[in-house]
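Structures follow.
Two complexes come next, and they have one chain in common, subunit A, joined by subunit B in the first and subunit C in the second.
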Partner chain A sequence: MAEHGTVSIIINGVEHDVPEGERLITAAERVGEYIPRFCHHDKLAPVGKCRMCLVEVEGPRGSALTTSCTVPVTDGMVVHTETDVVKKAQEGILEFLLLNHPLDCSVCDKGGECPLQDQALAFGAGESRFIEEKRTFTKPIPVSELVLLDRERCVVCDRCVRVADDIAGDPLLEFIDRGSYVQINTFPNEPFSSYFSGNTVQVCPVGALTSVDYRFKARPWDLESVRSVSLVDSVQSSVDVHTSRGKILRVYGAENDAVNEGWLSDKDRFIFSAFRSPDRITTPLVRDGDGFKETSWSEAVELVAMRLGGHVGTEVGAIGGANGTNEEAFALAKFMRTVVGSPHIDAQLGDGLDPHLASSITARGTISDLDAASTILVWGPDLKETLPVLYLRVRKAVRNGAALVVVSPYSTGLDSIATHSLRYRAGSGPEILRKLAHGDAGYEAVTETLANGPVVALVGRSSITENPMLAEAVAAFARSLPHAKLLPLLTRANVFGALDMGLAPTLLPGRVSTGDAAGVSLLEDSWGPLPESAGKDTMAMLEALIDRDLVAVILAGADPIRDCPDPAVAESALDAAEFVVAFDAFMTDSTRKAHVVLPAALWGEVDGTVTNLEGRVQRLRRSVQPRGMSISVSAALDDIARAMGAELGAADWQLINKEIAAVAPAYAGMTADYLTFEAGEEGAVVPIPGATQPLGHIPVEVNVPVVTGRFTLHLAPALYDAGVLVRNSHMLEGFADPGVVRMHPRDAASLAVADGDLIDAEGVGLPVKIDPEVPERSVVITRNLDTTRGIAASADIRVETVRGEP
Partner chain B sequence: MSWFADLLGPFRGFAVTLRQVTRPRVTIKYPDEKRVKPDRFHGRHVLNRNLDGTEKCIGCELCAGVCPAKCIYVRGADNPPDNPVSEGERYGFVYEINMLRCIFCALCVEACPTEAITMTHLFEMSTTNRDDAIYTKDDLLVEPDGTPNHPQPDSKLIDLNELKIGDGWMRATSPSGRAAYAGVVQWTPSARTGALPAERGQSGQVNDEDSGEETDG
Partner chain C sequence: MTAVISNWSHDNQERAKRIIASYPEKRSALMPLLYIASLEHAYVSDDAMREVAELTGITPVQVQSVASFYTMFKRGGVGDYLVSVCTSISCYLGGADDVLAAVESSIGDVAGEAAAERPITVEHVECIGACGGAPAVQVNYELIEGVTPEKAVALIKWLTATRPEVILTDEMQQLFGGRRSFEWGSTDSEGAVRPIPAFGPYGSVGGGSVGGGSAGR
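Now for the complex of A and B:
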């Protein structure tokens, strides 16, 4: 008898112990018996559509052909996968599939990596008896702007439909017609506009669904594959980056069950097209009148070193560092604290959370904790728009029975599957929190749901207009829930890595508080004396620049004019600054105000490690050479430090990586070697065994004021906004909304405006969209669009009808 | 007697020479004269065209994939529907062969699904620098009327007519399409060169409209 939780089955005469309840096809593969398949996919529900996986299973009435992808293993099951009957069935099924499948492998993007080709070779009859005409459809038809469909290649496996329906929750693909003419299609006038459409290309077992961008770019044998991480958001999905001749040609999701389970958002998948944008900065630039002139690295480095060296350390600040690797962030933190001697560093731009809460919260959960949760509480940004892969994981948990409570000032992508979806007027979050905590009348059902542990709470700022202390209060409440695990949500790519590397005024590398005397002196042992004064955060730095308390600032991939809550303040701060040096790959509103712009390599072009929102460190691998003269921020800082007469030890990412493991307590032992040889491709959550995390932030109940005012503002984040990479990606630009002011019908009535009327929102003219999803006396505007980016992120907003309109 | 034999020695030796005087000559005045090569001679490649002037190559990179010397570089591009370059959905917009690396094995010819690349009887390819040994699409592709191209057409060594002779035979498995021959190596007459007729295809009828009617009936 097999041990507990496993059953014993006999495959081709050999006995195996396999996990109970597993599907036969998976169990057989686990023990080395590969059964061919088309419709079966580990992450999708079984459908038994293609019949390719037929095997003989012995039963009381003799053996019968059974689809191994639909039957769970049972104890004592006797299975044959190689009998003549099975062979005949496989050959027959393949012959059937090939009746309608064109022989255009040589012009098909899947050719060379196609399960149908491979299995026809391995399990097919070898020769065809078919001499008749094959069916033909007009091809290719676009099902979305990113995906093309060649219907005649489809083998009707249902994978794309299941990905769209079950995984992504966008049921926009369906089979139409019957028999020979069965085909996949979209609904009339409804394109497959899903944030996850690229996944269908990856799972399609033939070349029926192909990517618009990759079409005919290369063939599989041209490609080199590099396992890396998508630095698009803080989930940091695992990806395989496929390159050829020094160019990234496509990005595929890599199986990492701890993070993304192979899925990607379209932003993860297609953003790389920005890397080859003609607008990349490729040489160092120095200010020349109103414009810039190109210069050499050595001259730029000399200039930056001279200008930074000419100021007292504490007059210099650094903003950014959240889009690069941990090594780059660490080099910046060390450069500021030792070479420059300034405590003013911040990876967030006033749009995030308290660094202690984000980096070092106690009872921090992991993404896979969601799988085991009975209840999930989401109180933060709309996951679908900000962390789409995490949204998929929450969906999966709900599909498997978890209850979901969503609290938000506006409708979110998760509302449709939420057990309870609570809406509050932007700015009145504290009120609803109090009601929830006290179980007020009307909230009993929600509190009852929340009392059912284990609870995983995803806590963040629903938008930049929300008071960041609300997240602290929500975290404190969530912590009181049974068996609660907390996942603080910040969205910027490697912001958690940057905070862990000490890119915050109140943090030192390795989750040490600047107030922790022992931690400070430990770091001083290797770094020398640290600046004594307290550090300023981004908003304080910008104010200080205006007040001339700060005179120089380093922007490391940061664009405060776009991203900080008050664009006007950021703009005057950068105007007032005596010296601004920006590391960036593209010209932004802020880099245009810099005195020196240094070309920074993007994430496909550098090596290093990164940390995601659960604290998981993964290896980020270089797949192509940096564009032009771009180099990593750390290498540039190393040169600048040397020109200032100091040694930063950041010439090579591996040197920095070793130093992190040596001086950052929570990262002790977390070296690239550890990731490669011990943790494997899943990465590992810090602190790993043997390391300790000095700071453990316990969220406290804080009293957060409720915002009053005629209209409160919710600046809703959107996946496709006018962010610098989206803007420069020819695949994704143009997907952004045009930008509207959403308001409740009653508010629209009180202002006497109708849908489409122009309205003045804090000086910006935008059309009105009447939307009953918006709570009364509140307006919702999508953030960072070309039309809406001038709007300051204040908690309340002045909205007026435009006078003089005809 | 031995002195007499010694005296005749030189004449004996000349006997061989004298016998040859009457026989036909085997040396030829290369390059003014050239030998006819054997049928299956593997010489320089050409890229063929269809009768309508479009290119046969569909940029599938199978030749590049199979080449043991890795000397072919192909990149495909979308075939513009209003002004098609090839007959397929894609065409080879970059096509290069590095003749310094090529071992003239003809595996590329065998792999090509469209008879786009074939080999000929011209073997003169010496150049004075390495760059010239990389044949680009312009050098390889025949003109719409089937006339071949050569990077040094005026060279004394080059007989362009040799580029019009295909290499005769190529290796294939089961050319008859019969299951009994699966896996058996046979030889099949290889493609000719120049502008060639297309293989038999489908009728070109599109079934989009059929769908619906078929199921209703």
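Now for the complex of A and C:
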């Protein structure tokens, strides 16, 4: 008898201990016996569809062929995987699978990495007895704008259907005409428009589902694969970046069970097409009248050094840094605090959370804590729109039995599977929190659910219009729940890394508060004296620019005009600034106001480390050379520092990486070498054993006012908005909504407007969409669309009917 | 979105509601609802599948996946008479291919193709349980056994010329059938009035005589 939790099975005469209850195919693979398969997939429920995994299992009535992907191992199980009977079965199944499968491997994207090709070679008979004509279909047909389908290649494994249905929750792909004419298809005029459609391309074991973009681009053996991280959102999914001749050709989800379990959102998968956009900034630019003229790096560096050096340090601010690596963020923090001598640094744009809450929340959970949660509380941005891969993880937990409580001012992607979904009028969050905390009448069922721990609470701002202090109060409440773990929700890709590197007015590298005297003096030992005055956050910096308290500002991949709550303030601030230098890959509303624009490398083009919303650090690896003359922000800052007569020590990312491990207490020992050689593919969560975590943030219950006013505003985030990368990606642009003002039917009635009528929302004209999901006296507008980006993120909004020509 | 069920007859709407209410899960009502959809038009249109999807809380393609599996849920228009020629093994050995060819050439139709504008739709089907009387043919699911190519042609002529209101198996058997597999005993005097299988529990006895619909007779 095997030890506890394992059972002993005999495969091909050899005894093995394997985990109890595991599926035979997985257990066999664990001990080195590979059983061929098509429909089996580790992350999908077993279906036993393809019959490729037949093995002989001995039973009381002799041995019988059994699908090893559906049977769990039992103690004493005797299995044969290589007998003549098994071989004959495998050959037979392959002969059937190839009955209708075309011999077009030479022009098929999957050729060379095709399980059907490989297994036909390894386990097939080599010849078919079928001489009948094969089935053909019109090919290819689009199942969505991103995915094409060649139906004759399908082996009916059901993987794509299970991904669409079970994983993504978008059951829009199905088998039609089941029987000998079976095919995969969508309903007429109802495409597979899922945020997760690309995963079907990755799991299809043949070339039936292919990516529109990658089709006919390369052969797999010509691809180089680099394991890296997707810097699209703060989940930081693991990816394999496949390149050929210096170009990224496709991005695949990499197995990292701690993070994304191999899944990606389509934004993770296809955003790289923006990297090769013709609109990339590829040379340094300096202002020339109304426009820009190209210049050399050395001239640009001289100019920036001169202009920044010409001001008192505290008159300079820096905004951004949340889209690059930790090393870039650290270099910017060090540059500001030591070379420039300014404490005014912020990676967030007034759209985030208290940096202490975000970086050092206590009882911080991990993504995989969701798997073990009894109850999940989501009170923050719509996960499906902002952190889609985290949305998948919550879906999985719910599928496995966790209860889910969603609290939000508008419907979210998770509502349909929530045990309780509580809706509140935007701005009245504090009210519902109070009721929940006090177990008010009507909320007993919810409080009962929340009393069932362990609880994992995902807490953030449901939208930029929500008071950030509400999140603090929600976190305090969540902390009081049984065995609670918290995950702070900020969405910008490396915002947690940036905060950990000290890109916040109140934080120093390694989760040290600027108010922590011991921490400050420790850092001063290596950095020299730090600026003494208090740092300003982004909104304060913008105000200060208008008031001339600040005169120069550095934008590190930040576009305050788009992203901060008040576009008008950001615009006047940048207009008022004497000097603006922007590191960016694209021209944005804000970079257009800069005096110098420096071409920044994007994440596929730089090396370094990044930190996700759990505090997990992973290696980000360069897969292609930076476009044109782009370089990393840190390398550029190093040059600028030198031109200002200082040494930043940021010429190369590894130097910075070592310095982080040396001076950032929570990151002690977190070197690239540690990540590569010790942490493994999952990365490591800060702090690693041995390091210290000086700052611990215990959220406090604060008194947050309820917003009054005739209409309150929820500026809902959307996955596909008019963000700079989406609009520069030829694959994803055009997916964004046109933009509407959603309101409750009764409000529409009281304003006497109907669906489609134009309405004036704080000066912006938008059509009305009547939507009973919107609470009364509240309006919902999708944020950052071309049509809606002018709307200030104030908590209440003026909505008026447009009286004009009929 | 509101249900687009409104173009179903009142009776069928009521029937649908009752059926859905009788299951703990709405989606369990899928098959009976598809049947009711066929009662409406004698086939399941895309619109009908959208309706059923909405009523059962699943997606249209999931409905289609089920509807397209069952060949008796027709996807296209069916004429007033659905002639089903069995081509499974017993009938095949008894010459079903010739019967089918004769039927097809006599109406100039191709088996299986939708022919809404034609009064007669021909299809070939798998075993209809009359192997003992092979080759077997059905008209609106009413059976004739022992059919020869000549008799099949006569059957088509008869259908075209007389356009019978009610299809009666005994009558057809007498006119166009051959040897019966066995004496069936009971005689079915009700017959079929539409090309829809009879199914009492969901409102159709004798091929849609109850409830009726917009199409058919």
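Couple of notes before you dig in:
Going forward, the second predicted complex is superposed on the first by the 805 of 806 C-alpha atoms of A that agree within 3 Å, B and C clash if a C-alpha of one lies under 4 Å from a C-alpha of the other, contacts with A are read in each partner's own complex, and residues count from 1 in each chain.
In this section, contacts are C-beta pairs under 8 Å (C-beta built on N, C-alpha and C of every residue); 3 or more make two chains touch, one makes a residue touch a chain.
Worth saying up front: this structure is predicted, and the values here are computed from it rather than measured.
In the superposed model, A:L751 lies in contact with neither subunit B nor subunit C. By the touch criterion stated above, A:V706 is placed in contact with neither subunit B nor subunit C. Touch criterion not met for A:M629: it reaches neither subunit B nor subunit C. Contact with neither subunit B nor subunit C is seen for A:V78 once the two complexes are overlaid on the shared chain.
When subunit A is checked against subunit B and against subunit C, the one touching more of its residues turns out to be B. Of the two partner chains, subunit B is the only one that A:R135 touches; subunit C does not reach it. In the superposed model, A:G179 makes contact with both subunit B and subunit C.
Once the two complexes are overlaid on the shared chain, A:L522 sits clear of subunit B and of subunit C alike.
Subunit A uses residues 176-179 to touch subunit B in one structure and subunit C in the other.
Only residues 58-62, 64-65, 75-78, 88-90, 113-114, 174, 177-179, 182-183, 202-208, 210-212, 214-215 of subunit B touch subunit A when the two sit together in their complex. Subunit C contributes residues 46, 49, 58-62, 64-65, 68-69 to its touches with subunit A in the complex. Subunit A makes touch with subunit C in their complex at residues 171-179, 185-188, 190.
On the subunit A side of its complex with subunit B, the touching residues are 104, 106-107, 111-112, 125-127, 133-139, 176-181, 183, 215-219, 221-222.
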